Amino acid sequence: MTASTAPPSAPLLTIRGLSKGFLGVQALDGVDFTLRHGEIHALLGENGAGKSTLIKTLTGVYQRDGGTVALEGREIAPRGVEEAQRLHIGTVYQEVNLLPNLSVAENLFLGRQPMRWGLVDRGAMRRRARAVLHPYGLSIDVTAPLGRFSVATQQIIAIARAVDMSAKVLILDEPTASLDAQEVAVLFRVMRTLRSRGIGIVFVTHFLDQVYEVCDSITVLRNGRLVGERRTADLPRLDLVAMMLGRELEAAAHRIDIGPAELDSRPPLASFKGFGKARSVEPFDLDIRPGEVVALAGLLGSGRTETVRLVFGMDRADKGEATVDGQAVRLKGPRDAVRLGFGFCPEDRKKEGIVGELSVRENIILALQARQGWLKPIPRRRQEEIADRFIRLLDIRTPDAERPIQLLSGGNQQKALLARWLATEPRLLILDEPTRGIDVGAHAEIIRLIERLCADGMALLVVSSELEEIVAYSRRVVVLRDRRHVAELRGGEVSVERIVAAIASETPNVEVRQ
Amino acid sequence: MTGALQRFLPLIVTTAVLVVGFLICAAQFPNFASWRVVANLLTDNAFLGITAVGMTFVILSGGIDLSVGAVIGFTTVLLAVLIEHGGWHPVPAFAVALIAAGGFGAAMGGVIHVFQMPPFIVTLAGMFIARGLGFVLTTDSVPINHPLYGELNDMALRFDFGLKLSLPALLMLGVVVAAVVLAHWTRFGANLYALGGNRQSAELMGVPVARTTVAVYGLSGLLAGLAGIVFSLYTGAGYSLAATGVELDTITAVVIGGTQLTGGYGYVVGTFVGVLIQGLIQTYITFDGSLSSWWTKIAIGVLLFVFILLQKGLLVVWAGRGGEPAEA
Amino acid sequence: ADKKLVVGFSQIGSESGWRAAETKTAKAEADKRGIDLKISDAQQKQENQIKAVRSFVAQGVDAIFIAPVVATGWDSVLKEAKEAKIPVVLLDRQIETKDQSLYMTAVTSDTVHEGRVAGEWLAKQTGGKCAVVELQGTVGSSPAINRKKGFDEIVAKNPGMKIVRTQSGDFTRAKGKEVMESFIKAENGGKGICAVYAHNDDMAVGAIQAIKEAGLKPGKDILVVSIDGVPDIFKAMSEGEANATVELTPNMAGPAYDALIAFKKDGKAPPKWIQTESALFTPDTAKAEYERRKDAY
Amino acid sequence: MTLSAPGPSRNLPQYGALIAVLLANWLLFPDFFAIRLQDGRLFGSLIDVLNRGAPVALLAVGMTMVIATRGVDLSVGAVMAISGAIAATMTGAGWSLPAVLAASLAAGLLCGLWNGLLVAVLRIQPIIATLILMVAGRGIAQLVTEGQIVTFTSPALAFIGSGSFLTVPMPVVLTIVVLAVTALLVRATALGLMIEAVGVNRLSSAGAGVNTPVVLVAVYVWCGLCAAVAGLIVTADIRGADANNAGLWLELDAILAVVVGGTSLLGGRFGLVLSVVGALIIQSMNTGILLSGFKPEFNLIVKAGVLLVVLLLQSPTLTLFLPRPKGARPIGTVKPPVAPTSGGAKP
């Protein structure tokens, strides 16, 4: 990596009047953006504001409709990612965009493999891959296929790759969405080191704490337009939120009012005894009562996702039994779970959640239709009503319900998935990292909605890396470590400190998987 | 189980299936376990093996090439017409044929990329065109009588223990080795796997999609051209209907060899084993010699099914239930 | 007591009724002579035939019969058979080779001659004046090429005869019918057509149906002449719907066995070409011929 | 796959191409559109297009749904041969028409079931799973006929091939009926949605509670049934079962028809009627070649040329140049393939 030679005062990257339109949507409308040397610059805005589009247009994934981009004063117009990379701009796009079939090392060095005698030097590649991952505390088998690793690990690998390539500009589009606090701390340490070398970093996130922790300045977009640029230090949090939403955020959500005593007196909706699967999760006991929010907390790879996959029948348990309403039930697949009134928003929405080419409407009614069976089609009118209701309720930003869901911004896809399950009026809703990629405004809305549903008797099982979020709405927290349920906190015991304490006895930061 | 073993498991399983199959045949027929049968397997399937290598690359990149059989046919006709009617020396004729076949493949790749058309259809049209061009050149089967053909046909590598490797067999082995290097020790190879893994991600990671697409179809065309040369050596003639249906044989070999048709997963060596398995099935049926035309077809289908089941079964047994669900 | 003779027979496939009959006859004739016949079906592919011949050599059979799918491309594999001292007999089609010693004998009809016989019959029947539509076999296949060639010779000799339309019907009934349908439309509802010449009987049977469905009378409004002599065409002839066929006997293997046995016994080499008859059949004998053939097929 | 808004403009290339090919035929052959009655049955080149296009159109109907699930069925040609062989042999043996039809259709159903189980339960890649039956099926058909062309004289069965209903040839009638039933089955129920969902993302669909194995098996079974009907028509038409040649290579024509009709081989959105239009485009092309009097050597080249033009008209790249609102760049049109590493993924 070479440090930049230009004087630090001159802007590193200057964007003027950048515009980009898609069929029926003006995603970017004359946006200006300036990135200086040695600066971490937050790019903020609601879901669908145009952040990812700005990044993709800047790096040549999309061809811009208008505007100029200058790197160190020289105009650039990359026609593809390859060209952007040659200009020393490294990017982590939203969602993990690596190749599951290639090894970790091949992913890290795709297109820039170390060569010897005209051939790829695989030994050197392995060695360098280990070195590149070292600062992140990731000591994994770099020859294993990337697909074997969890989303979070893949995310770190994507970051490491971009960092290793970006001698001038590093762009990170929601890199922290699936990371836990410890990983985020590591990432920030790396970002600060790069900043001290004069590299400019563009950082997109929906976690405002993170913005105030590392960013020097903030640019806010709304509906494809520039709202303004500020120094972080000069912008109080409430003002920032107002800038993003164009309005004040209503008071933060409150804890649900039902006391633990009353909840415990209810008969459990679903209960799992000695439930588990070899090589996946140790057998565990879990009761979920109507109206209750149970959260699963733990580090990366601690088995949270695998626990909820078992509960929903996505993976088949080989031990233990499940009962619903006191009746023993079989959970041989998601279909059984859906019939029992369960719903599940998976962690990897692109792979396991959305049906990309189908419309928002079809995605929303899919689970409801599947439960009704193919012989009883939901009439088109009714489908539209349901879709429109949830589009309004969750504020899904889409020109209309007929747009293929893959064209929505990441956060809006997540909301549509939530709508899919809410439409089935589930008795138990399972959410794996539910607010991942969702903006502050929508975040508050969704939490309020969840509370209302719980008040109506729905139970919720949540996996989240946001401990504050967990504390904000759950009455019971199950803590996992090394694929084992190690502690359960109830009612008044639930606090960030106690969760952390339960997690942190010994914390090997290694990928346990595969 | 170590990571490497697990990754090569499909390959190991496929090879084991081949060996088991060969042993069964050898136990059943007296003359089966001979170097002659081994040499025949290699020589008779040389053109198929060379084509299948190209097909492996195309499939790894997430595409498919239905034109290969027709390109083989066209190449044999082109060679025959150039050498016999045009009086050319075979060597420049070979060069022209390779350039034509490679260029044809690259053109299809270009169409696929630029117009975003499905490879299945573009190469199907390519198949029509190549076959049609062959017909236009001549519908007759033209014998090639150039002395070089005789010399090349007599060329062989003889081993003391009795194995005789003909030129086509040697060419195929060379192509397989070169292809392994290309797939795993060059950037082009990595780009291929990347493209097949996920085109969109590959593009976002800076893989030159256009260049790679054109190159991989060009390569497939080139290898089909080479297979055409081998075929014309093998038969000493050019014939526009030669190698009909070879595209399906090739795809079958590739898939038996453990490559995923969706792209991104598989090995060239697996394809080589797949070709041999197919050859073994045919040899078995010929040695048996009692099957009528229809029982032959049924037997091929059943054996194909058995091989795929064996492969899947062994994978499940060895990898355990937690293993990846490999698709045969 | 001699060892049983083992013969490997590389058959093309079973693409037509005639071909299946040839295989059936070969088996029956082998049984008659106590020969162990190993049949390999090439599924219409030359490369499979070559593989089969190689396997036969590896197996060490006493003789190899080949019904070659195409005329060229046999030299190198036949050389292997010759080196292994295994005599080769060609059935029903000739091959093109400069080295005639590569095979012992060929039992075939003359496909060019078949075309000629059909043409001559038509010329005589129509007084040399006829607008013919032609249903070709599979493009590029040698019977299609030769049967066209022989017929064309006769057309060239008769200025009044003309081939007005020619298309490939792939040797199948379905394609023969489809092609004939469009010929009828293209030639003024069939009024412009005096006869149809089909490269095999199956296409002729398809064409007869097309003619009937167009409201014309096959055999009268449009003459039908074809080649092979399968039972169905005799049936059509006995019903007056077809006019002539040139027989291609399915018993190719019989004479070949005889030649082989004679050769094995006293080393007497048979003639290079054992030609089967290309007899022309017309409706007068059709009924009897149908009965005679029914079971061979 | 196009991401443009659904609407009439999406179908324009197909209908346009059909009209263009028909007009070209008319230029080559002025009587192309002439139709008259012949023995109470419509008669003319245009009718030939419909009549001869019927088998491929039927195959295309079944194939469309298989392709929509991201599969492919190579065995349809062989299934045609099997159903035809059974029909002709049973008719020859004196069975009544209902029994013959039931047996033939049951054979198609069984074949589809076999394919569906291989794909959905054993998780064999569709192209290979159906290749097994493509090879063996023709053998089974020949086993039934013992390699002969089995002819029959029963006018009842022949009626399916060359009879007519209200002057419309039976093959055309049957195609319309099958198309209508299929369309009703998928569009009046939620089956169509499930098929598309499974095709786009099998994992996500399963996660939403869609019974993916049943959807897959159903689709292959239906495809087998359609092929059986096509086989009956072809056999009835020539009054004989030609096990070796019936439906030979028609699987490719059927796939072609589906793709020309705009359904992506990567699964997802499908259009039944458009697939039938695709089949008609192909048949118009074939009939045009026959009427034109070109030498048969040129058939394939002409076919490839027309095909490329038709497909180019649908290319997302070219549609960008048409006067339409700005569309997404092709990169946005690439479907993210499902990584086969995870539990339920299936190529």
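We just call them A, B, C and D in the order they show up, numbering each chain from 1.
Criterion: a contact is a pair of C-beta atoms (placed from the backbone, for glycine too) under 8 Å apart; a residue touches a chain by one contact, two chains touch by 3 or more.
No experiment lies behind these values; they were computed from the predicted model shown.
K.L.:
Among all chains, whose Cα centre is located farthest from the one for chain C?
P.N.:
Relative to chain C, the chain whose C-alpha centre sits farthest away is A.
K.L.:
Take the average of all CA coordinates in chain A, do the same for chain C, and state the distance between these two points in whole angstrom.
P.N.:
That gives a centre separation of 71 Å.
K.L.:
Round to the nearest whole Å and give the separation of the Cα centres of chain C and chain D.
P.N.:
Centres of chain C and chain D (C-alpha means) sit 34 Å apart.
K.L.:
Can you give the whole-Å distance between the Cα centres of chain A and chain B?
P.N.:
Comparing mean C-alpha positions, chain B is 43 Å from chain A.
K.L.:
Between chain B and chain D, tell me the centre distance in angstrom, where each centre is the average of that chain's C-alpha atoms.
P.N.:
29
K.L.:
Multi-chain contacts only, two chains or more: what residues does chain C have there?
P.N.:
In chain C, residues 13-14, 20, 23, 139 touch at least two other chains, as defined above.
K.L.:
Identify all positions of chain B at which a residue touches two or more other chains, and write them in rising order.
P.N.:
As it turns out, chain B has residues touching two or more other chains at 135, 139, 197-198, 200-201, 203, 265, 292-294, 296-297.
K.L.:
Using the touch rule from the top of the page, what residues of chain A touch 2 or more other chains?
P.N.:
Within chain A, the residues that touch at least two other chains are 61, 100-101, 145.
K.L.:
Could you run through all the chain pairs that touch each other?
P.N.:
Touch list across chains, by label: A-B, A-D, B-C, B-D, C-D.
K.L.:
With touch defined as at the start, can you tell me which chain B residues reach chain C in the complex?
P.N.:
Residues 29, 31, 34, 36-37, 40, 43-44, 47-48, 135, 139-143, 145, 153, 231, 234-245, 279, 282-283, 285-294, 296-297 of chain B touch chain C in their complex.
K.L.:
How about chain A: which of its residues touch chain B in the complex?
P.N.:
Touching chain B: residues 61, 80-82, 84-85, 91, 93, 97-102, 106-107, 110-111, 113, 115, 119-120, 122, 141, 143-145, 278-280, 514 of chain A.
K.L.:
Spell out the residues on chain A that touch chain D in their complex, using ranges where they run on.
P.N.:
21-24, 61-63, 65, 100-101, 145, 147-148, 312, 314-315, 333-335, 337-339, 344, 346, 350-358, 362, 366-367, 369-378, 402, 404, 406-407, 420
K.L.:
Can you tell me which positions in chain D touch chain B when the two form their complex?
P.N.:
74, 122-125, 127-128, 131-133, 135-143, 146-147, 243, 252, 255-256, 259, 264-266, 297-301, 303-304, 307-308, 311-312, 315-318, 330-331, 333-334, 336-337, 339-341, 343, 345-347
K.L.:
So in the complex, which bits of chain D are touching chain C?
P.N.:
Residues of chain D touching chain C: 29, 31, 38-39, 41, 43-45, 48, 52, 142, 146-149, 151, 162, 234, 237-240, 242, 244-246, 248, 287, 290-291, 293, 295-297, 299.
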